[in-house]
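In what comes next, chain A is part of two complexes: it sits with chain B in the first one and with chain C in the second one.
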Partner chain A sequence: MSAPIRMATVLLICLTTIFAVGPVGAQHGRDTPPAGVGAQPSGADPTAESVTESELLNEIGKLQGRVTIPDGKAAILVQPQGRTYQSFHERWLPWIGAVVILGMAIALAVFYLINGRIPFGARPSGRTIVRFNRLERFNHWMTAASFIVLAITGLNYVFGKRLLFPLIGPDAFATWSQWAKFAHNAFAFPFMLGIVIMAIVWLRDNLPDRYDWPWLRSFGGFVSGEHPPAGRFNAGQKLIFWSVVLGGLALSASGLVMLFPFALVDINGMQVAQYVHAFSAVALIAIILAHIYIGTIGMVGAFEAMESGRVDIEWARTHHSAWIPPDDPDLPERTGARVPAE
Partner chain B sequence: MTRICPSELARGSLRSEAMRMILSGIAIACLISVGVGAVLYSMSRPPVYEAMPMPGVRLDDPGHNLVGPRWTGRFDRS
Partner chain C sequence: MARVKFLCDADRCIECNACVTACKNEHDVPWGINRRRVITLRDGRPGERSVSMACMHCTEAPCAAVCPVDCFYTTADAIVLHSKELCIGCGYCFYACPFGAPQYPRLGNFGSRGKMDKCTYCAGGPLPASTEAEYRNYGRNRIAEGKLPLCAEMCSTKSLLAGDGEVIAQIYKERVLQRGYGSGAWGWQTAYRETIVT
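Coming up: the complex of A and B.
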């Protein structure tokens, strides 16, 4: 074999080796392409040397392109915070919500089975006293009705597709969810109005006083077996009040941010608003479950206070002795005074 | 305001007055919601397929986009 032919043979072997092995080496450490992709006639992958999405993400923090539509946010393709939020919303939030809300419901059921209803505590006198005036009762029921709608439609955001969708199918679920969304947005406003009125009307009677710590220390009398003294609101009721006011404030602020998306904050701010909204809602739903329990089947005589606005005087003296002392001789003349509540 | 009255004598009127407060609270909540809902609906913008209609790809209709309704996600050269 002559020298030129030998050189041509060696060169041909080298080129064949480079074309055959080179692309394989270039693929090391990169994403595996789908079958068929990159199957060029030459055997080379034209995208093998290009920058991968993971490299871009690690380098600049998010993947962003250019769009021609007015919504510039659509140019953001990938951002790590979005994945964190998605993981929270789709994995953690359903479990957190289920554990907290169902846990409260189970705890209340166990409490009821063990302790039964909290008794009247005294022999009814047959005389009643105004406990909530008309404005207080009206506002309570307006806020309560709004909250129930908000809670049901809000839970649909998280649990609807998991629990309701398999039962009623896609068409009914889509229709229900659309109306639920409208209702959630609309009923937020009477709820916010009710929170503001509650804060104004009941703030003074819910400030801490000297009866609160003894009341909490005895768990409202469950430990000592005697009713600890309390003013118009006992410490448990004050905790409910502040939970509703502060929780309602957090829900209102974060809800308004979500109701007008990107008007005040960017995409990260929207996700923070949803974290705040979700945690506040789950906590408040659990707390309100306890409130509904104690205000209905949990305590004898409690529902009448918010229903008719009146309670028996002996009931008030037993549960709120600091507001109506047992030996108060001037009770019939105490017009204009504040009345105890449950 | 604190007032005392014989509960048995006033029970009937109290019941009706109590229901009036409950129902009026629920009714006002609904009325406010309807009003606010109407305002919010009037403020809402049309969806993208109405605001920016194009003869090509429809973002909301996966049955008629470039991929097609029977796309499996797998690459098929044929």
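Coming up: the complex of A and C.
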């Protein structure tokens, strides 16, 4: 046999075999489905091995895959944590915020009605002493002004639509909220700077000392009218300092995460940042309300300390006896005549 | 009035991305914004599965709830829409959305996201229907023309279904009954707090 004929024969045999066997194989697949899937008319479940939603949700709590677009965030199919964020933001936060902040305001009002202003506690000598230098005062007011703007614009995110929106309508409220958002983002920076400077210049005088515990135990003498000894800062002021520094730190860290969304964390991280930010903000607003109260109407002579930076030497001796000892005869470098407010 | 929904039959999705392309083209969606996308789970491994996802137009929509300026509204068909006029670009809706639907024209550093954009179920926005202004801001208003969302309309395998929730659930049930398997309505429990019992 010549080569072409031999090849044709082989080919013919091959084709015959394929046609003879092929249908039989197909028939086999159709007629005898694997055991246990009798209810399925088309045979075995081709998706038996496929992932299911509940499986994946149980595994990692959300469904994450691959997308063909550059936006990595789009690769998350379902994150039920969004519903958690929803109930936090709409059910828990407004109540917690209202109760804590209004609760503090009411508590301060009650305290004022019962105790009135805390008196000067000494006979003014007319001689004053520097309590806060220029840097300390400037930094205090920079942080304070930023905080007030941040607090108002921040509260607007939660309470604005509940309180202000019904009064001024959707368009005016959206315009105000847009500017409030810009302000919130911008004033974050002087606030963060202020917290850093504050932490540096006041850290030393805010470390715990032996006067703190007795001071706290007698509640600072607010009720009894006595004056427990204290250093430059008493335990109450130290608590304010540490609240501001630690609260400010939590606010700054979570705020920076929000200023650069998805730069460091994923969607759930962004939600946690909001939880941290909201709770520390509510707490700090309440604490600062108390601070503002005691620094203005709550106590005679307190405001001048941060206004002009000078306090009467007798006031200092009474309230901060460990800072300016009562028996210290003269303080030549630090004392001087009362100066007008700067 | 019907309660419209989306339903992606994941057993039928072949990840052709035609729904994504159709959406982009129909609404002239800018670069970087994806109102719809196809996500592949377990890519390249046994049990791989693709699901097309956009805004699900949720029941008690989380986006609408958390919006600080209340810019969302729900139509009589339960389509969740929003006003770009009022949106301040705070990003809360993205954190609340279980489906990653809200999109923003910019990266968002220093609060610079711009106005949010998302799937409108081809129902436009608060501006007068089928006007140039509505098209520019929200895309084509097919619902006003009596048509359903284009992504589902042109799905080659009819994996993506859109329309009255009861009707598409029935279609899906019949499918599952006929072919003998079905992986369920993806995202329905989270979006509508109910699922299709087959």
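Here is the rule we use: the second predicted complex is superposed on the first by the 251 of 342 C-alpha atoms of A that agree within 3 Å, B and C clash if a C-alpha of one lies under 4 Å from a C-alpha of the other, contacts with A are read in each partner's own complex, and residues count from 1 in each chain.
The working rule: a contact is a pair of C-beta atoms (placed from the backbone, for glycine too) under 8 Å apart; a residue touches a chain by one contact, two chains touch by 3 or more.
Given the structure is predicted, the values throughout are model-derived calculations rather than measurements.
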Handout entry: Touching partner for A:Val67 - first (chain B), second (chain C), both, neither
Key = second
Problem - Touching partner for A:Ile168 - first (chain B), second (chain C), both, neither - result: neither
Practice task
Once the structures are superposed on A, label A:Asn156 by its partner contacts, choosing first (chain B), second (chain C), both or neither.
Solution key: second
Practice task
May I ask you to decide whether A:Leu203 touches chain B, chain C, both, or neither, giving the answer as first, second, both or neither?
Solution key: neither
Problem - Which of chain B and chain C A:Trp141 touches, first, second, both or neither - result: first
Problem - chain A residues touched - chain C or chain B, whichever exceeds - result: C
Exercise for the section: Name the contact category of A:Asn185: first (chain B only), second (chain C only), both, or neither. Expected result: both
Exercise for the section: Mind working out whether A:Leu102 is in touch with chain B, chain C, both or neither, as first, second, both or neither? Expected result: neither
Practice task
With the two complexes superposed on chain A, say which partner A:Ser50 touches: chain B (first), chain C (second), both, or neither.
Solution key: second
Handout entry: Set of chain A residues, in rising order, touched by both chain B and chain C
Key = 37, 39, 69, 182, 185, 259
Completion exercise
Given the complex, residues on chain A that touch chain C span 37, 39-42, 45-53, 56, 63-69, 71, 73-83, 85-86, 89-90, 156-158, 160-161, 165, 170-171, 173-174, 177-178, 181-182, 184-185, 258-263, 267, 270-271, 274
Exercise for the section: Could you pull out which chain B residues touch chain A in their complex? Expected result: 1-8, 10, 14-15, 17-18, 21-22, 24-26, 28-30, 32-34, 36-37, 40-41, 48, 52, 74-77
Practice task
Would you mind writing out the residues of chain A in touch with chain B in their complex?
Solution key: 34-37, 39, 69, 126-130, 133-134, 137-146, 149, 182-183, 185-187, 189-191, 193-194, 259, 307-310, 312-313, 331-332, 334-337, 339
Problem - Residues of chain C touching chain A in the complex - result: 10-11, 17, 32, 34, 37-43, 46-49, 51, 53, 62, 65-71, 83, 85-92, 94-100, 107-111, 113, 178-181, 183-184, 186-187, 189-190
